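Quick one: the structure is below, questions incoming.
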Amino acid sequence: MSMEGKPVAASAIIDQVIEVFPNDLNPHGTLFGGRVMQIVDSLAAIVAKRHCGRVCVTLGIDSVRFLNPARRGDILVCMASVNKTWCTSMEVGVKVIAEDFRSLEQKDILSAYFTFVAVDDDHKPVEIIPVLPETEEQIKRFNEAEKRRTFRLAQETSHH
Amino acid sequence: MSMEGKPVAASAIIDQVIEVFPNDLNPHGTLFGGRVMQIVDSLAAIVAKRHCGRVCVTLGIDSVRFLNPARRGDILVCMASVNKTWCTSMEVGVKVIAEDFRSLEQKDILSAYFTFVAVDDDHKPVEIIPVLPETEEQIKRFNEAEKRRTFRLAQETSHH
Amino acid sequence: MSMEGKPVAASAIIDQVIEVFPNDLNPHGTLFGGRVMQIVDSLAAIVAKRHCGRVCVTLGIDSVRFLNPARRGDILVCMASVNKTWCTSMEVGVKVIAEDFRSLEQKDILSAYFTFVAVDDDHKPVEIIPVLPETEEQIKRFNEAEKRRTFRLAQETSHH
Amino acid sequence: MSMEGKPVAASAIIDQVIEVFPNDLNPHGTLFGGRVMQIVDSLAAIVAKRHCGRVCVTLGIDSVRFLNPARRGDILVCMASVNKTWCTSMEVGVKVIAEDFRSLEQKDILSAYFTFVAVDDDHKPVEIIPVLPETEEQIKRFNEAEKRRTFRLAQETSHH
Amino acid sequence: MSMEGKPVAASAIIDQVIEVFPNDLNPHGTLFGGRVMQIVDSLAAIVAKRHCGRVCVTLGIDSVRFLNPARRGDILVCMASVNKTWCTSMEVGVKVIAEDFRSLEQKDILSAYFTFVAVDDDHKPVEIIPVLPETEEQIKRFNEAEKRRTFRLAQETSHH
Amino acid sequence: MSMEGKPVAASAIIDQVIEVFPNDLNPHGTLFGGRVMQIVDSLAAIVAKRHCGRVCVTLGIDSVRFLNPARRGDILVCMASVNKTWCTSMEVGVKVIAEDFRSLEQKDILSAYFTFVAVDDDHKPVEIIPVLPETEEQIKRFNEAEKRRTFRLAQETSHH
């Protein structure tokens, strides 16, 4: 595998659909936040693995925003892609929208940013093939990922 | 909404990914067949709803074939699309492959054909907008769906 | 164990009961089809194992028919038995009815036919002890299983 | 419905089979006790409902004994029947054995006694149709149920 | 580890909280008994392990009493502690109450007594460090545990 | 209820224990991140409800850090408390450690910060009773919560 880079689209997930079942609801009758976190955690991990062809370990999740409640029967559409890679880590952005299959109306449900590190068989971090943003949207996310990382490091420094 | 027809691609799912967890295994250490049926049943129902914008009821499933066992850590890639519509019913074809995220090798796991009927608020069957196959592959599936339906009806007649 | 044969009743399940929980419902408030498939898949596999005393692998499922919706609180009664054996494969028929525990009214929910192959420790198919139908009903299913197999093989030939 | 009585066999479950999945294990690799309690609780409730055709509420569970550990791939065979009825309550006895589908060896896994009360639509206890033990075994359990009830009442008195 | 004893408080759980989800309900819309048994079984086992630092095996559960139904949105508060130890076995008492987070009203849901035995790596029972009751309440439970054991043994003798 | 304030300890959870089951593992044999997120999401929501006696809605989750992998049989100990309240929102901090019940060794597993808003019956945000930090540790967290909020707001501004 060449280390020149791999386009975002090669590992991105753009149309993962999940219908909200009674099973997925919290006691107030809306989609349980813990359930949607479980869904996007699995999804982000698959994108990370697809990008680098290795076992990836979640280091953290940042800026999870619950934007609207989803309801029974809504169809969740989940999107996830590698926003940026650094030496041994990468940011995977996740977005969930809910679609009413009758009216086709959509509303934003969740957005979140996962940080993964790729590891070898001894659980040591290994270098990651760089991601190559191609579209305008991908380049925007690539640049924002760097800002988020700066914020993250600044915040961690300020606490210790 | 015009009744002229809707292309296959408008409702098709082409990259639904699910990682095989320890949770998904049968006592022999391979992906539990009942689990994969649960996954594809949800998926086929979403495709049916997306195509006709209505509640859809599963009438039957035919020719489910388990082609290879999947294992812990495999990434399942599921595809589903409307193959053909008749007056109030439609056939949704489903295919599952497993991808090794390291070697990128793929193997076929399952194929199946679901028959749905669209219903109105009184649970009465309603007319479905015709599906329009566009690619060569879609046209092939469109024609095969008719043969499967003929077999199905012949078989049902022969039993009663 | 003699290879002369084993009666249907020795491995059949005739009264497997499951109450429909809120947990088992789809977004429309009826029993989720994927859930009932999971139940009958487990059950058919147990019947197959009981018949031949070996690990059995599901090859396929045919003619799954959803006959009526089941509701919260219904008691599902599941039946499964070996209909016919061939050299290394066997057909297991499954039927699910729902019983209202107050009125004792029953309605048919699902019927399906599973094909299993018995395997040895190296996952090689092995000969299966023949099943011996005894009642009129069992003999009818034995004969119909042969017809279904003929249809299945004809259908597979017609597609390739 | 006559109040003369209903035989034990009319509501008894004698062959409820469940295969032990990886999903059902505790961290030590044996069947999780909480999982088997969940299974038998559902089963006992169905037997109670079948006997009296009403919603039944669990008052208590006594003398649960875990007799042997079950393992992955074991086939659990569960039995449950009404042992005795009193005015508005009844005892349902449950037994679970594990069967090795290869050797057909069996071992006892669990026994337990459930007490249910039947209720009407206002959740008030209602009279239960008496159970009629017919076999020697059923008569033995009928008599033992009375002793267990005496113990239970004696114990409750001694604590308050 | 000294064999002098370990206070009850060292292993007790006094505030394990669980919200009742739609997922946890039986078909009648109240907390499923099998679900609450699963919760307390896990909890009692953790208390037993914490007390003796070893794998513990459940021998039995006695005097499970369902005192009131819990409903969707109730917050269950679970308590568990070692009541008494004998040579190789111990009794763990469990209590569950439900709290309405608005009114702060509480009602009793369940009480139960678990008997565990500690085992070594060969699954042989091993001596357990004695539990030391300190508060008045703990001493009361310590004494009652002995009475329950006497009842238990008397009952078992009377049946065989 | 007086609006003067409520101490942190009144709603805090300090010893929520959960044993890691085979069921909770990812394909690599360690605790699935999505599962632990589900656990802490439930827990944080209970603390929020307990603090303000109202339905609380999750707005976001920040700075989730996976500090070490947990393994099968580890006992997770979860802690959660209200760090700071603002007018209609509050921050709940969550920490998970894993304890080996044999060696009593502990390792940090996860830390995260949840932001909730309390709502009335019309889902409108309502004023929250202020939290009163009492211990040195609680005061430290109270102050840090303000810094985190500043970071959060700064970051949101920088993106729009």
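In this document, chain identifiers A, B, C, D, E and F correspond to the written order of the chains, with residue numbering beginning at 1 in each.
Operating definition for what follows: a residue touches a chain if its C-beta (ideal position, glycine included) is under 8 Å from a C-beta of that chain, and two chains touch if they have at least 3 such contacts.
Here the structure is a predicted model, which is why all the values come from computation and not from measurement.
Colleague: Starting at chain D, find the fewest moves between touching chains needed to arrive at chain F.
Modeller: 1
Colleague: State which chains count as neighbours of chain A and simultaneously of chain C.
Modeller: In this structure, the chains that contact chain C and also chain A are B, E.
Colleague: Measuring centre to centre with C-alpha atoms, which chain is farthest from chain D?
Modeller: Farthest by centroid: A.
Colleague: Tell me which chain's centre, taken as the mean of its C-alpha atoms, is farthest from chain E.
Modeller: Ranked by distance of C-alpha centres from chain E, the top chain is B.
Colleague: Count the C-beta contact pairs for C-E and for C-D, then tell me which is higher.
Modeller: Between the chain pairs C-E and C-D, C-D carries more contacts.
Colleague: Repeat of D-F among A-C, C-D or A-B, where over half of the residue-numbered contact pairs coincide, is which pair?
Modeller: Matching pair: A-C.
Colleague: Same or different for chain A and chain E, when you check if over half of the residue numbers at their contact belong to both copies?
Modeller: different
Colleague: Taking the mean of the CA coordinates per chain, how far is chain E from chain F in Å?
Modeller: Each chain's C-alpha centroid was found; their separation is 27 Å.
Colleague: Go ahead and note the Å separation of the Cα centroids belonging to chain B and chain C.
Modeller: Result: the chain centres lie 21 Å from each other.
Colleague: In angstrom, rounded to a whole number, how far apart do the mean CA points of chain A and chain D lie?
Modeller: The mean C-alpha positions of chain A and chain D differ by 47 Å.
Colleague: Would you mind pulling out the distance in Å between where the CA atoms of chain B average out and where those of chain F do?
Modeller: Computed value for the inter-centroid distance: 41 Å.
Colleague: Which positions in chain E are in touch with at least two other chains?
Modeller: In chain E, 19, 22-23, 26, 28, 32, 42, 45 touch at least two other chains.
Colleague: With touch defined as at the top, which chains are paired up in contact here?
Modeller: Applying the touch rule to all chain pairs gives A-B, A-C, A-E, A-F, B-C, B-D, B-F, C-D, C-E, D-E, D-F, E-F.
Colleague: Could you pull out which chain B residues touch chain C in their complex?
Modeller: Against chain C, chain B makes touches at 26, 28, 32-35, 37-42, 45, 55, 57-66, 69, 112, 144, 147-148, 151, 154-155, 158-159.
Colleague: Name, in rising order, each residue of chain E that touches chain F in their complex.
Modeller: These residues of chain E touch chain F: 13-19, 42-43, 45-46, 49-50, 53-54, 75, 101-102, 104.
Colleague: Any idea which chain E residues touch chain A in the complex?
Modeller: Chain E reaches chain A through residues 19-23, 72-73.
Colleague: Which residues of chain E touch chain C in their complex?
Modeller: That would be residues 22-23, 25-29, 32 of chain E.
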